[in-house]
Structure formats: structure tokens, C-alpha cells
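To start, I am sharing the structure in question, which I have written as C-alpha cells.
As written, the chain order gives the labels A, B, C and D, with residue 1 at the start of each chain.
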Amino acid sequence: MNLEVFLIVAAALFCVGLFGALTQQSIVMLMMGLELMLGGVILAAGAAWHYIAPATADGQVLVVVAITAMAVEMAIGFAVVTALFRSREVDMTDMAAELRE
Amino acid sequence: MTTAAFWILAVLAVAGGVMVFRFDSMARATFSLLTALLCVGGELIVLGLEYLGIVTVLMMTIEMAIMAVFMIMFMMNPAGLMPMTMVHNKRGAAALCVTAFVLLVAGILLAPWPRRRGRAPADPTTDLGMALMGPQMLTMMTLGMALFATIVATVVLATRRGRYERYGDDLRATRPDDPVRGGVGR
Amino acid sequence: MDLRNRLGRVALDRPAVLLVTAAGATRERLAVEAELARRRWPRASGPAAADLVAFAGAPAPAGDDDWAERLWNGVPAPKARVRVRDPEHAAHALEHGRMALLVGAGTQGRQEQREPAGHERHDADGEHPPQHDGHTASGRSEHDGHTTSGPSEHDGHGHDAHQDHGGSHAGTDQGHHGHGGSHPGTDHDHHGHHMGGAILGLPMAERADDRDGLRLDRLHVPLGPALPDWPAGLVVRTELQGDVVQRASVEALVPPRSSRPAFWSEPWLRSAAGAPVTVDEAARRRCAAHLDSVGRFLAVAGWRDPAAVARRARDQVLGGASVADLRSGLRTLTRRVRRSWTLRWLTSGVGVLSSTQAQRYGVTGPALLADGDAYDRLLVWLEEIDRAVDACDDRSPLASHALNGPRGRIAPEAPASRTLVDVLPVLLEGTEFACARLVVASLDPDLDELAPQHARGGHAHG
Amino acid sequence: MAETAPLWAAVVLPVALVLVAWAAASVDARSAGLGRAVLRLLVQQRRLTRAADVLLVRVGTTLLPVAAVLAAVVLPLGFRSVSDLPDGIVWFNAMEALAWAAVWLTGWGPNSALSLIGGYRFLAQGLAYELPHMLAITTAALGAESLRVGALVDAQAGLWFAVWMPVAFGVYLLSALAMAFWGPFDQPVGTDVAGGAASELAGVDRLLFLGGRWLLFVVAAAFSVPLFLGGGQGPFLPAWAWTVLKTAAVLGLLMWARRRVPTVRMERYVELAWVVLTPLAVAQALVVAVVVLGR
């Protein structure tokens, strides 16, 4: 095992997540794509900590930031879906886009 | 041992990630995402970040469980009876993602990664705590503020009822007008 | 296989019993419950956990839905069922069920396990010996009906017919009839993934306004008639969003025309008809009726210990225990229930029925007296229990005017339970599932009272 | 003081847990009917509901006992645990959270309304108890200045944490009941929903699920011993005996409490947990932090 292998796995997760985030119409599914991308980021940060600079805690802090970002993204995402749903009964990105018109 | 663990977790993580968008059932999709993220947590443990790995497992389990509820709330699809075709521009996205992946891999393989400096501390958890409460204090405070702002923002966004709805226009009601009575006897 | 069979025999020696009470079969239910308590057989909370299904009375289908048959299909093998048509035959029938299970366990092989439909029929063969059935003729016809229904189950979904009926354990499909095409909003068509109608025969959810201002999916779930601790014969058709009851309508499975007066209001009905009834008889019946309701309420509230005590006390009261014995036991029970601040914390504010509202619906009895929530109604029951115990040795004749039964004024043409059933939908709307259960249990309508009565002196039986 | 047990302990652990759970369950049932009940589930056929997601049900029912055993890995008997992880407390919490997923999956899978309600209820319960629960175990960790369970036990050589962190201890006991959805917190499998999440389970599935629930209950109760009751510390008796004794006492207390209290509904408890228990737990953590700083 080395840094490259970890990063490739992280990149795979990131790209799968990106695919999901780009293609899914449902906001909830889109958020699942984002989660997966952030999972890739977490893995990359952990690998970077281990293989590049284990003596400092910067890599770990990056992981903490990514985890927090996941939590915030989830919470805000669901709040927005709830708000949209309450006002327009919309849970899909395309429909949210139509609302602008 | 660690190598085997790494590969098993890596394959499971990516497979779980792919299955998220292939399952018909929302519940399966969520829990396949959970599998993927639990494997990421496992990889962190393989890397020696036990605390962060376990915290990832803890957070993701709870997060996915709550996500499942929201999902079912907003899109009823009992056990995948109806195939979901809720995608747009699939082909373009696939092309984009494959390109991104190829570029990333090329970058990863070609980049001159620095040599490993220093060795891991005996207890990375202490290290992390010291960092967050010392040099990285600003990060920690920002995260704290962000989380606090999130709490406020989500409540504002998600609820429709404020104190005027609950306690009347002059806020004089002794007992809030809630659809369900709470447990503190207010 | 031999070991497996032997283990099966040991296990099924005390089967878990699911007691399903048909409307109008209170006597049979009480007999079976007492017998189960005596034998210390475990009670199953649903078909999945049951080995032996005991039908008290003859379950009447709700509309075109033969819920009893669906329930039976949902019980995993090895299984047996018995029908108790007569309180005196309870012990006999249960024993018979046990024997059928033991025989079934002995002959049960692996192939049979793979073919549930075949196995069911096998059980059915052994389950209705005429001698305990009370009604030989009807027992025979049921038997036939069952045999012919076997193949059709087979080509349908095997014994998996139980599935869709979350709510009642007895089929919910027909709860959805007529909803397929009636979409509330036009924007509905946007939702490609979100059509009404049915897939695989399962109804899909559709949206409707709800309590919290979100138009979420609602599920049509009928509650009853075979939920544990549920008034026999009551079916509440609910629209659930999550676990919140958004709308409810009540359907009472009216018990078959019978010559027997409703069990819990029997003394007063007899007195109204001019027969001589003593005060102690009425007091005992009232005491037992309220103990039954209290036991059910506490069981729904999840307080199993005193619920069991209440039920035991009920059987004692009906069994004619002396007043002195009863008094100390009942005082302990009522004091314990009154003193529980957690029970008060959990049940106050649930299902508030003010006396003005109650009067509007014509409610009489404890529900009117309580003038408040589920907890107040419980307190009224407890008070009446305490008072009724004191009258349990009063042999004077019951005054035949102003008759008040355990559930309210005795009026054969407008029974008190009818008003309780009528008031249910209003109280249930907007409650969460657990609260809805508490509301129903705190009113505890007795659907036996709704049975159309034969003229006195008709061909009595049982 | 903490030592790591040899490898065979990993095999013994589930067996020991099952034995304790068996003992507790038979005391609770007040009769010898337990063995028969288990046998009955063993001979009973599994059953499938229409359009059920069998995979999810199987995952859910299996995950519950697995999570309980995994959580018990950090549980010391005397001063030995199978593995005294450096982040043992977080590990315990994470494994216990797996029960959220397990119960929800079991409730969702059978495609039945009552069972789904059971699943929902457990998530509501989780949200209610988890906040004060995490603060309570954090308080104990704070008092020992370590996340290692062994260090926690060592820190209580003098004074038990239960004595000077009574609020955290109380909150922990409540959440131990809630996380095992047992006793007053059994709403997810309550009789009012005909067994809730377990309502559609039969045979081995049911045995795994309900047995897993007992295991979780025992583990949750037993974990209060190293957290607050000094683990194996005690005079005269050997350390393992003290652990067993204290665990039995906690189990007994919880089982007694269940007979006194009806089922707690989450719409009531969640407000109590967030408005009363959480601030109390924060205040307790503050007090402990000040004491630790002053040491």
C-alpha cells in the first residue's frame, strides 16, 4: 500500500459521487452524491496525513472539517427540501429550476 | 493483514458507492451509501486514525438513518416497487466523470509526492485535540460557528411556526398552541 | 429429523397464542383469557409470533375482506387454529389446539416447510374436530371452505398474503379501493416516480395535506379488527402520514344477531327488560367491565405489570370472590395506578373530550363524567371500581329506572358504545399512532352493545 | 492496570454475553419458559411478507446482535477486556449507533405499516436519547482524562464517578434503556403496534432480533460499571466478581424500574431530553471539567 493507491480509491469515490450529483434529479439523491464525494475527500485527507506529514495534525484537522461539512450539508439540504416542499411540493432539481420562471 | 483489510474495504467502498445510484429502492440506496462511508471510516482506522475512523462510523450511521427517514418522507417508494428513473443527462455526466477520474489518476500517479516527514505520534487523537485547541483554534471556532449557524438556519428554513403562532399575537398564551403536547408540561 | 421433531414437541407444549376476538364474543374471550392465564401460555402480539390462533366467536368479514383468513395465512408454520364458540369449551379447544400442534410438529418435514400451502391444509385437517366446536354443522362448512380456498392461495402468493396489511394483520387492500384514480392535485403528474394505483397488487401512497403543512404521502391503514388490546370488532380506517393519523373513519363490525345481551351491560339490559336483578350483580359486572378497560388501557400504555393485575382481578370479580378479598387487592391496584406520576405525565393531554363536546355527541357514562383527557377517564374508572366493590355484597334489587351501565346510559335502541364510536374520528385526527391507541383504549367502546337483539325468548343457546 | 485478554477471549465473549442475557431474561420472565420460547422460535418457519426487502431485513436482524457483541469488545471483566482500544468509549458509542440502522432496516424491510412505525419510533427515540447520552459518557471520559475504558476504571480507584457525577450516571442509565429499546423505552417494539419493528419477524429472524436486543441491553447496562461504578474496583472480592456483581445490580435496578413505569412515548420524552436533560448534562460536564482543571 502506498499513497497513490489510497488516493486512487478516494478519486474513484469522488467521481462516483460526482456522477450521482450530476445526474440525479431528486435533491435527496443529489445529496447522497455529495456525501460520497466528501467521503472521498476524507479518505484522501487521511491518506495524506499518514503518508506525507504524520507528525503534524493538519491532515486530521482536514478530516474533521470534511466531516463537519458533511453534517452541515445534510442538515441544510434537508431543511431546504422541507422548505421547498412546504411551499411548492417540489423535491426534484428540475422542478426547482422551473420555479424561477 | 492491513493490506487485505485495505483492499476489502476499498472494493466495498467503491462498490457501495456505485450501487447507491443503481439500486431501485431508496432504502437500499441509503444503506449502500452507508456501507461505502463505513468503509471509508474503516480505511481511516487502517491508516492509524482510530478516533477519526470511529467518529466517521458513528456520524455516518446516525446521519444515514436520519436521511432514510427524510427520503421516505419526501419520496415514498416502498421497497423499490417502482423503478426509479430520475436521472438527467446521464451520458454527459458519465463522460465527464470518467474524464475527471482519468485526469485525477494521472495526476496522482505523475505528481511528485513529497517524502514522508516525521513519524506518526503514539496517540494521534491527543495530537488532534492539541492541534484543535492550539494552533488550529481558529478552524475549530469557525467549525463551531458554522454548526451553530446551521442549527439556526435549518430551524428557520424547516419550520413554519414561530412564537407568534405558538403563543398568540401578543405572546400571552400560557400554553403554546402545538399540534402535539410536549413533555415538559408547557 | 427426529431430534428436530422432539425439540418441536417440547417447544410447542406451551404454544404462543394469538387471541382474536370477534365482535360479540366477550364471554368467549374472557374464558380463553382466563384459561391462558391458568395454563401460563405466552400471548403473541401478532400473527408472526403466534403458534396457535384462538378465534373467540366467529369472525365476521369486514366488507369483502376475510381478515381472519388473511391473518391465519400470515402465521408461520407450525401452526394451528381453534375456534371457541362457547365459553365452556375454551379449555377443551385450547387443549385441542395444542395437540394439533404437537401432531403437526411430529410429522413436519423439510419439504413441507418449503410448501407452506400444503402444510396449512395439513393443519387444517386436524384442527376442527367436531366435538369441541359447539356448532358441528358450521364447523363442517368452514372446513370445506378452507379446503377449497387452498389451491387459490397456492397460485396467488403462497401464504404471503398477510403482507400488505400492515395495520390490521388482516388485510388492508380494500382500504385503498377507490383511491387509485382520485389524485388530489394536478401537479401530481410531475412525479414520474410517484403515481397512485397499485404495483404488485400493493397500493401506492399518495399525497395529501397534513397537520404540519407538508403535503406528504399518506398510507391507508386500517387499525383492527385484530390488534392486541383492541376493542373487538372495531375497525378504524386511518390515513397515516409517518405515524400521524391525519384522518380516521370508524367502521364497526356489527356482531351477528344474537339472543344474548351484550356481556358487559347484561344486568342493566335484563333489568330494563323487567327481569329481577340485584345490586351486587350489577356492581360486580361494572367493576369487572372497568377492570377490563383499565387492563386494556394500561397494556396499551405499556405498563404490563398492573395490566396483568387488573385482568386477574377482573376474573376474580366475575368468579365471585368475596368482597373482603377483592377490596384489598383492588385498593392496592387503584392506589398504585393513581400514584404513578409517569402514567399521568404520559397520558394527560391525550384525547381531550370536554363535557360539552361529549354532550353534543350524546356520550354518557365515564367519558362524560371525566370531562377531560385519557387520564381523567382512567381516574373515573378507578373511582367507579372503588365504589362498585363496596356494593358487591348488596343483595337488594336494582332500581329499574335511570340505568347506567359501565359505558353509559342503557338504551337498547341507542347503546352508549355507539356514541363512543361516533366521537372517535374527531379525537383521533392529528394524533400520533401511540396516542391514537391510547384514545381508543381510554374510551373502550364495547361493540357487543351494537348487536341487533332478538326478541326475548327466541331460540336461546350457549 | 488494564490488560488485554488473550485471543480466545474473543470467542468466549459472545458466549458469556448470551449467558448473562439468558439469565437476565429468565429473571425478567419470572418463569422457566425462556428455553421453550427460544426453541419455539427455532422450530418456527421464517416468513416473508409480500414485496418485502428480504435482504434488508436479514441485514437488520443480524446487525443487531453483531453490534452488541462488537460494542462489548471494550467491556472489561475485572481489568481485562477483549481489546482495550485507545478510543474505547467512542467505539462503544459508534457500535451502539449501529442499532439505529439495524432497527430501522428491520422495520422498513417487511413492507408493513406497523413494522415501519416501529422503525420510525426508534429513530425518534435515538434522536431523543443520543444527545444527553453522548454528553454523559463524555463527562465520564473527562473525569478520567482519557477515552480508554481501562483508564476510566483506573481513575475510579478512589471515588466512583457515580458519586460525583450523579446526573451523568442517571442520564446514562436512561439512555442504556433507550438504546436497547427495552423496558419503559420499548416503544419501537411496543404491543400497541403489535410488536412494531419485530411485528413481521418469525423464526430465526425474530430470535436474532429480540435476542440481539437483550444482548444490547446487557451490554449497555454492563458498560455503566466501568463508566461510573468503578469497574472491577472493590475490596475483598476479586475484580471479576465485582464486575459481575455490579452488573447484576444495575440489571436488577433497570428491571425493577421497568415494572414501575409505563412505556415512555417519544413525543413527550424528546422535550424532556432536550430541554431538561441536555442542559443538566452540560452543567455536569462543566462541573467535572472545573474539578479536573483544579486537580
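FYI, a residue touches a chain if its C-beta (ideal position, glycine included) is under 8 Å from a C-beta of that chain, and two chains touch if they have at least 3 such contacts.
Quantities reported herein were computed from a predicted structural model and do not represent experimental measurements.
**Q** So which has more C-beta pairs touching, B-D or B-C?
**A** Here the pair linked by more C-beta pairs in contact is B-D.
**Q** Find the most central chain, measuring centrality by the gap between its CA centroid and the centroid of all protein CA atoms shown.
**A** D
**Q** Could you state the distance in Å from the CA-based centre of chain B to that of chain C?
**A** 45
**Q** In whole angstrom, what separates the CA-based centres of chain A and chain C?
**A** Centre separation, chain A to chain C: 50 Å.
**Q** What's the distance between the Cα centroids of chain B and chain D, rounded to whole Å?
**A** 25
**Q** State, to the nearest whole Å, the distance from the C-alpha centre of chain A to the C-alpha centre of chain B.
**A** Comparing mean C-alpha positions, chain B is 7 Å from chain A.
**Q** Could you list the positions in chain A whose residues touch two or more of the other chains?
**A** Residues 82, 85-86, 92 of chain A each touch two or more of the other chains.
**Q** Identify all positions of chain D at which a residue touches two or more other chains, and write them in rising order.
**A** 51-52, 111, 120, 267-268
**Q** Identify all positions of chain C at which a residue touches two or more other chains, and write them in rising order.
**A** Only 200, 202, 213-214, 242, 345, 432, 435 qualify.
**Q** Using the touch definition from the top, list the residues of chain D that touch chain B in their complex.
**A** Chain D residues touching chain B: 51-53, 55-56, 59, 85-87, 90-91, 93-94, 97-98, 100-101, 104-105, 108-109, 111, 120, 123, 126-127, 130, 147, 267-272, 275-276.
**Q** Help me check something: in the complex, which residues belonging to chain B touch chain A?
**A** Of all residues in chain B, those touching chain A are 2-3, 6, 10, 13-14, 17-18, 20-21, 26, 29-30, 33, 36-37, 40, 43-44, 47-49, 52, 55-56, 59, 63, 66-67, 70-71, 74-75, 86-90, 92-94, 96-98, 100-101, 104-105, 108-109, 113-114, 116-121, 124, 127-128, 130-132, 136, 139, 143, 146-147, 150-151, 153-158, 160.
**Q** Any idea which chain D residues touch chain C in the complex?
**A** Contact set of chain D toward chain C: 31, 33, 36-37, 39-40, 42-52, 110-117, 120-121, 184, 186-187, 190-195, 198-203, 206, 259-265, 267-268.
**Q** Can you list the chain B residues touching chain C in their complex?
**A** Interface residues on chain B, with respect to chain C: 73-78, 81-82, 84-86, 160, 179-181, 183, 185.
**Q** Touching residues of chain C toward chain D in the complex: what are they?
**A** 4, 7-8, 10-16, 40, 42, 45-46, 48-49, 51, 74, 76-78, 105, 113, 116, 157, 159-167, 169, 172, 200-202, 219, 221, 227-229, 240, 242-243, 298-303, 305, 340, 342-343, 345-346, 432-435, 437-438
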